[in-house]
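Each of the next two complexes has chain A plus one other chain: chain B in the first, chain C in the second.
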Partner chain A sequence: MRSVVIGGGHLAYFAVTTLREIDPKGRIIVIEFTFEKVEMLKKTFPYAEAVLSSIDKVEEYITENRSLIDVLVSATDSDALNLRYAKHSIKNEIPIVVAILNNPLNEPIFVKENIRYVINPYKTIISKVKEIVDKFRVNIIYEFSRINAGIYAFKIENAEILRKVRGLILKNDLPFFIVSSADNRIRAGSVGDIQIGDVVCISCLDKDIRSFLERIREGGS
Partner chain B sequence: MTPEEYFLIIRVALAILSIALAIFLGSKLREVIARNLSKFGHAFASKFAEIVRYFLIILGVVIAFSILSLDIVVLTGISIVIVIIILISMRDIFSNYAGEIYLRIRRPFDEGDFIKVGRISGRVISINSQDVELVSIRGNRIIIPNQFFLKNPIINRSSTTPTSIELKMIFRESQVERVEGIMMEVLNEVRPELFEDPKIVSINKIDDKTEVNLVLHIINQQKIKWLINKLSGEFYKRGVEIEIE
Partner chain C sequence: MDVSVVFPSKNRERYVRKAICTAFKARHVREVIIVDGGSTDNTVEVALKENAKVIIQSNLVYPGKGVAMRDGAYLSSGDIIVFADIDIANLTPQFIEKLYMPIMMGEAEFVKGCFGRAAGRVTELVAKPLLRMFYPELARFKQPLSGEIAGLKKVFYQVEFENGWGVDIGLLIDLYKMGVRIVEVDLGFKEHEMKPLHALTDMAYQVAEAILKRAVRDRKIDEAWAKRYISAISEIDLGGAGYA
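Let's turn to the complex of A and B:
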């Protein structure tokens, strides 16, 4: 597949290496705005094509190659540029358009502009801190991009939460696993096996869990 | 016969005459309009002509009732009948609006998605009040009336899902080994543009020709045309003549 990554910074680095891993035989084109970075990119990614372009010529490039580009990742150091290129790519019917955020506070702007795939690299900070400190009620472990669903962790602090989580699982017939507080092991089982102190990880559609999250967060998460 | 009865008969005759005249003029005008507007499309011309015809008939009916000097209850009843007739005559338009409401609320697909509805498939370019515009794999622009989506199952393959395309290639070459060798070379050339490694489903020798069935996986459906041209070009460079279906 033909992937185009715009930008040559550290966000682009991860995008390029991942695209290479996904499709080692695919074509990767990295567009950068400075000569020095292009030269560096050629050395860092010998398998990719590094293209020097001015900021205003990128849209022209996308339009010219619209029928060939499969994936476009907008990963410059500017969210304004990322939004601009992502919008232009969607308008040009590029099938997969991904924008990588520099400032997580800009996420709603991208969502409002109908950019379907927005990566917020800072999102994991929240779930990681909660997991490391081991104090939370709800921890959003992962949110899927292609479907409105996620993996949620619930810490069973008391009998009330235990009852609610059991009810949620039984009502929606949700897949789950338990991280046991007794031996720090992961195990599958029935809702009857869940004990106070355990962490229960549930995979669930957003619509099935939205109101439940609000209720369980009451009293602080 | 009293003068009132005499005038009533005259009024009824005039009312019938006005309706008959309206029907006659409506029919004639429909033919003229359909003929003169056919350059804008047959469906549009006949729809417009039909609307004008109904308008004239309604006008004739209104004139007829004003001649008869009917009371308000009767006129209200007649108005309802006329409205029903209009609704029936414009049912396709209303049905398309209903289709649009369904598409906007249920959102079975978005602009940019790759869909199949009935036997038609393509990428959605725009969702409008009366129709949805698609571009087929071969690049043809297809306009589908919204009511079609109410009556047919929709498969949303989404624009981001890799699509498998099957190609049949006929080589004017009977040596299967040579065809296979050249085929592998050419497929290696186009592989960077594909989602996965291409698959040769079958190679069959037919008389003095070789038929190859191939499956290619792509994400961007716009790429098909380019891919076929590229394959033809690569074979041509190697001195091999092929037909691609």
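Let's turn to the complex of A and C:
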């Protein structure tokens, strides 16, 4: 796999180390705009190629190497640049184009520009705070940004929550699967198979899960 | 040559439509870019509706005028970039054309706008004294902090943008040091909202810091002294809203 990461900051650091982990033999090219950072990148990532470029030359590089690039990750400290490079890469039919956001408020703008893979590093704050603080334990497993839906995980803490989650699934005919408390294995089944201690993963619209959570917090059914 | 017009903005819903439409009426303007600072009103929605390119500035912490300008420059596709305040009540297409014309005519690579009114308080009390001290060759500029500027895109890509209010003076000094041809053009009368005095504290500090940083870099000043000075002025408390 040949990957190109644009940017030399901390966002790029995580992207490069992950790409290395996925494919230790793959080729990773890191493009940066300042000489000092390129020198630092060479030391930090001896297995990668650190390339010095000017802002305007990156697009030329992408176009020239379009048939060779499998993955492009735009991880500069400017969302404007990330948007520009991601759009150009999609136009050049790079198979996987990933943009990493600096400001989460920009996510809708990226989605509107048809950038399919947008990483919002701040999103985990929501699920993590919920995991730690919220007794109903709903975690966002995956989000479908375009349609405001996702896969949400509930920890079935007690009989009351079990009853309500069963009700939600039956009422809306939602697809779900169960992660068993006994052996951590995933199993399918009917709502009758859900037990206290299990984690139930439900796929539904974001608004449905939010109204459901509000109802159970207020003590409704 | 194509022109991109960049407006940094935050909660400027009532100005954004007029600013975009006016900018598009100027000759050679091919795109208008709104760099938003996380507006809570409908600035972004209105800008998108008016066919502006929109990005929200990359910094989560404000103020970040410099970040907004940098993002605007990075998103632009024109050969010339014009930056202007979005809240100019009497903005006209000619106002924008006056800014980029010296570049079109080959007379300059960077243009600084000035106005037919007295320069602001931070300009007179902070920027000009420091410029006279360290960069007397730039003291001729009537309004060195003016946010109405234009330049060749390739020129902006060769300098670092300060994050905050120091961006305008930083660009002026750095472009001058690079040998870029700079002219100042009189844009006439500018009608816009004035900031209250207490709102200028951060601006004054950031402008002073931007000049002193460059004075250290250019070996015009002792580094240890400048650091002590910058650290001291950052701790001055002007009493907040009581000064308004």
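Heads up, the rule we're going with is that the second predicted complex is superposed on the first by the 139 of 221 C-alpha atoms of A that agree within 3 Å, B and C clash if a C-alpha of one lies under 4 Å from a C-alpha of the other, contacts with A are read in each partner's own complex, and residues count from 1 in each chain.
In this section, a residue touches a chain if its C-beta (ideal position, glycine included) is under 8 Å from a C-beta of that chain, and two chains touch if they have at least 3 such contacts.
Nothing here was measured: the structure is a model prediction, and the numbers come from that model.
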Task: Fit-or-clash call for chain B and chain C when the two complexes are aligned on chain A - done: fit
Open item on the list: Is A:A86 touching anything from chain B or chain C once the two structures are fitted on A? First, second, both or neither.
Closed with: neither
Open item on the list: On the A-aligned overlay, A:V165 touches which partner chain: chain B = first, chain C = second, or both, or neither?
Closed with: neither
Open item on the list: Tell me the contact category for A:D56 with respect to chain B and chain C: first, second, both or neither.
Closed with: second
Open item on the list: Touch test for A:M1: chain B only (first), chain C only (second), both, or neither?
Closed with: first
Open item on the list: Output check: A:L19 vs chain B and chain C. Expected answer is one of first, second, both, neither. What do you get?
Closed with: neither
- [ ] Could you tell me if A:V30 is touching chain B, chain C, both of them or neither one (first, second, both, neither)?
- [x] neither
Task: First, second, both or neither for A:N106, with chain B first and chain C second - done: second
Task: Touching partner for A:D77 - first (chain B), second (chain C), both, neither - done: second
Open item on the list: Can you work out, in whole Å, how close the C-alpha atoms of chain B and chain C get once everything is superposed?
Closed with: 23
TODO: Note which residues of chain A are touching chain C in the complex, please.
DONE: 54-56, 77-81, 83-84, 102-103, 105-106, 109
Task: Touch list for chain B against partner chain A, complex - done: 112, 123, 159-160, 191-195, 197, 218-223, 225-226
Task: Residues of chain C that touch chain A when the two form their complex - done: 35, 38, 54-60, 70-72, 74-75, 154, 157
Open item on the list: Using the touch definition from the top, list the residues of chain A that touch chain B in their complex.
Closed with: 1-2, 23, 25-27, 66-71, 90, 93-96, 146
